């Protein structure tokens, strides 16, 4: 089947920043994203887990965006503005997609 | 003193405290006992729903008077003033940076609704009633402390303000955070439907309440214990002392306010508890947005690991004894 | 008319409605109040379990008669016929495509179990009893509407049928969907164990029922409000009018059927409510599989954002008043 | 025999059994009925909390005597001995490898707390009381069987021991697993707060108990049915026979122990039930860590798909009838 | 450690299509897959979130398959048949796996 | 924006092995990881789903680590020791990260 080159950006960020991030992505021309829940993790700011938590303060989410390569720069800039002062990770992978007209 | 000790002893062997201790101990023993996030959130919705509704129904039964407005005003002022005291104490007693100190201070100006619920349940066991609108006071005390803390940061360090701090989005998030909306919403609905409404749902929100609170405190114990275990290296003596001293100072201000307002014994005790308690839901979330540079381990460990257990076990009986002594209740 | 108004007013200040309104308002105000998915599903399991069991126990107490079978038959016919009416109305009143119109029509032929539960609880407050087997009628009305809608699509547009539509897997999914299985299963178990079984679990399924319903409607309000907020641009006047008119038409057919069957006042009112209500769980899932080209925002917004609140607030008191007037109950 | 049959028949039409059957049937019919993981875990926390607390409160009411210690000792011995019997039977009756046989054996030495809860609720319906500390016996019987099984593996196959088996981490996980900690913790808290504590939370842990158990067994039925459906090809006649025979053998040993200890009718019956039941939570988790080569489908299918339903439907009434016959209860 | 080239296919699709998709994958010779929950997302058909939902209609899931490169074409065809009329995203990434005998 | 080459390792493993795995990763010098919940899946040991489960025995989790390329070998060795006797999958993808100083 015909596939097309694209970039997959994954951003792990605090749950409280969710709408700020997705608003920024939409502004940067991103047409779609998928949010995955995160159970726990570890980084420079220590280890954490969602078990038994009530507050949104402690949790993180994973936002994945698949975009055309030419939009990458704008997306990263937008993401960086939000992530800059916050903990979290941004990674980019090359991928191929079906139905490229959707991106 | 004897009274306090006997009250504390009696308090300590109540199921709710013991389940908190169980959770705490299980966390320290690294047991894998845990409450699913969704269940913990469900129980917290239940508690807010129940406490708000019962408060509203009680206001409906007893009528509103001027004290309501003055009490809310007092709560707002306390919530705004307490962070300043906390900030100064922290800068003197501990080596925290201005940002960390301000973030912690915000927590102590704001309130912990579970501590409030636990205090209400102690009141009930003691056969004391209190003003139903104290629930509204609790809600009113959530936000002002955050503004105070952000102001403190802006003053202490102009630079830290850039790129973050308060914006319209954050203000809406704070004022309309889920807990406040549910608490106030249930309070109003309780007020509208009154005793008749309460009767309809009493076997949901009244009779099983204590049991749900036990399970919820088990979870709080687990979370607090785990947090304390992982972050005990942060707990320098100065910080620890602050975590115990600050609620006592807060309660004194609440005590004064309660007496000035002419509240009932139960009302004074709840006002003390609110002032003494430290937020662990709304304020941490706001701090992550507004002051991401502040270390969350510090404020969560202090609020949830030190001050919450202190209030639950020793604080509440002390506040009750003082309120009784002063009001003759 | 006066009766309806006073009933509506009384209905509007019941806790369950007010909690729905609270959720609705919170969603519009963009509060972050939310109920975890698992908790919402847990409450919905509870409601199905309780309503099914109580229905079955009531049938066990009162015995079965022929009316049961005729009522179920009537339900099946109504569920199959209503989509045709809805389809024609939609094509006339709105600019929806045939596929979108058929998808919406399927929702209005089918039923909303929460509307049914809310109506039952209004009946109970009014001190009226109803036929326990109405639960079985509710279950029987879920599926036929879907078949009707798929038939409508196949007729309107042969092309849309290819590659999708009804297959054996989908048929099994519809007939054995979790809600139906739990509802019917609990109904049968309630029937087998009867009053004795009911007594054993009454303090789980009877007394706390209203309270759980309040929390569940809070969540429904949040979900409906959020949906309406995001999709309000879709709500052309024609669609909006359909969302209010269709339940009224449905209720008239239900009214006729109820009277023909000789149901009690409560039974007539429930038959009206079932016919008036629109699915928001089973049918949307089936539509996503069978008619993925249909826009889910349209049918969810109509069913959950317009018709559900309409039935909850105004519809139910109207249906009750009419049922009372006609049966003298 | 007649007594057993009539008891079994009566047992079979109790709501809890019927809901288990409903879940089982729904799973086999491939209905999508399901209970969210978080809700299932929440209910299991509730059951452990309630059964532990009630046991403790009952001990507080009746005082502790020596039998407690001997009963716990008997439980530990039974739990350690039963796996050896199971292992030999499995090697004789089935073609399981030593590792698979040992893993299955561990499950049958350990206990199923839901079976225990179901038996307690049958006792209650029959108007019989039992020793409150049987809860502690249940907790004590969880772990020894695991050690026995690992010893069996180490003996049977030195090689399989390398790289896995028991280590300090696993031992802590087993002894401090969440279920045991909550059960024993609630037992102790129930013992400390006694009847007074029980009264405070009775409308949470006593009255709704049966209803929650129904919903929980619905979920157990779903999980067991789904497991059995997917793994029915594993169920050779030998395995199936073992799944029914082993609980009967276990119950005989429990019967002897109960009589030797001089337990009440209810106590003997619970001791039989514990010995007859097979773990499906704690032991599977331990086996995945210690014996990852053992096939989980085998032990889960046997324990959850065969032995659990057998005990629930036929086993419990048999054990009750025998206990009654022997103690004249 | 020795690793082997493989393809990682991620399919974000509506939850109601889960068994239809996994059945098709198994038929296409896929020996394993992992399903991750999705919290919410956004695309041409708007934004959505699982919060407070009861119905499966609104939710999506994420199905990840790791396969040998030579099986990719068959998998994509199978996936496409299911995804075709539905909303959702299919992406392919190059990866390396340990224990290649498992795939 | 400036990005840096990194490796993304994803390990799907039984939930009961979580701490054993993360302890091993930390020992191998991994500075961060993110744990995602897994709903269900299928492999040589059959199909499974988390629905209605009470036990941790049946569930799996997904541990994702982003690391500097030079740390890959150590990580894979550490992961392999834990995964060796257990079911589960380890995959490695090339990616680019923002803020490389964090890894």
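Quick notes on this structure:
Letters A, B, C, D, E and F name the chains as they come in the text, with residue numbers starting at 1 for each one.
One rule holds in what follows: a residue touches a chain if its C-beta (ideal position, glycine included) is under 8 Å from a C-beta of that chain, and two chains touch if they have at least 3 such contacts.
What you see is a predicted model; the values in this text were computed from it and never measured.
Shared contact partners of subunit B and subunit F comprise A, D.
Two copies of one chain, subunit B and subunit C, form a contact in which under half of the residue numbers belong to both partners. Ranked by separation of Cα centres from subunit E, the top chain is B.
Distance from the subunit B centre to the subunit E centre is 45 Å, each centre being the mean of its Cα atoms. Averaged Cα coordinates give subunit A a centre that lies 34 Å from the centre of subunit B. A separation of 38 Å divides the Cα centre of subunit D from that of subunit E. Contact with two or more other chains is made by residues 36-37, 56, 93-94 of subunit E. Residues of subunit B in contact with two or more other chains: 32, 34-39, 41-42, 203, 208. A complete list of chain pairs in contact reads A-B, A-E, A-F, B-C, B-D, C-D, C-E, D-F, E-F. Subunit F contributes residues 12, 36-44, 60, 62, 73, 76-77, 79-80, 83, 89-94 to its touches with subunit E in the complex. Residues 1, 3, 6, 8, 22, 26, 31-37, 61, 66, 93-99, 102 of subunit A are the ones that touch subunit E when the two sit in their complex.
On subunit D, the positions that touch subunit B within their shared complex are 36-39, 41-42, 45-46, 49, 53, 172-173, 176-178, 181-182, 185-186, 189, 192-193, 197, 200-201, 203-205, 208.
Note for the complex: subunit F touches subunit D at residues 14, 16-17, 19-20, 45-47, 49-58, 84-87.
Residues 34-37, 40-41, 44, 163-164, 169, 219, 222-223, 226, 230-231, 280-282, 284-285, 287-289, 292-293, 295-297, 300 of subunit B touch subunit A in their complex.
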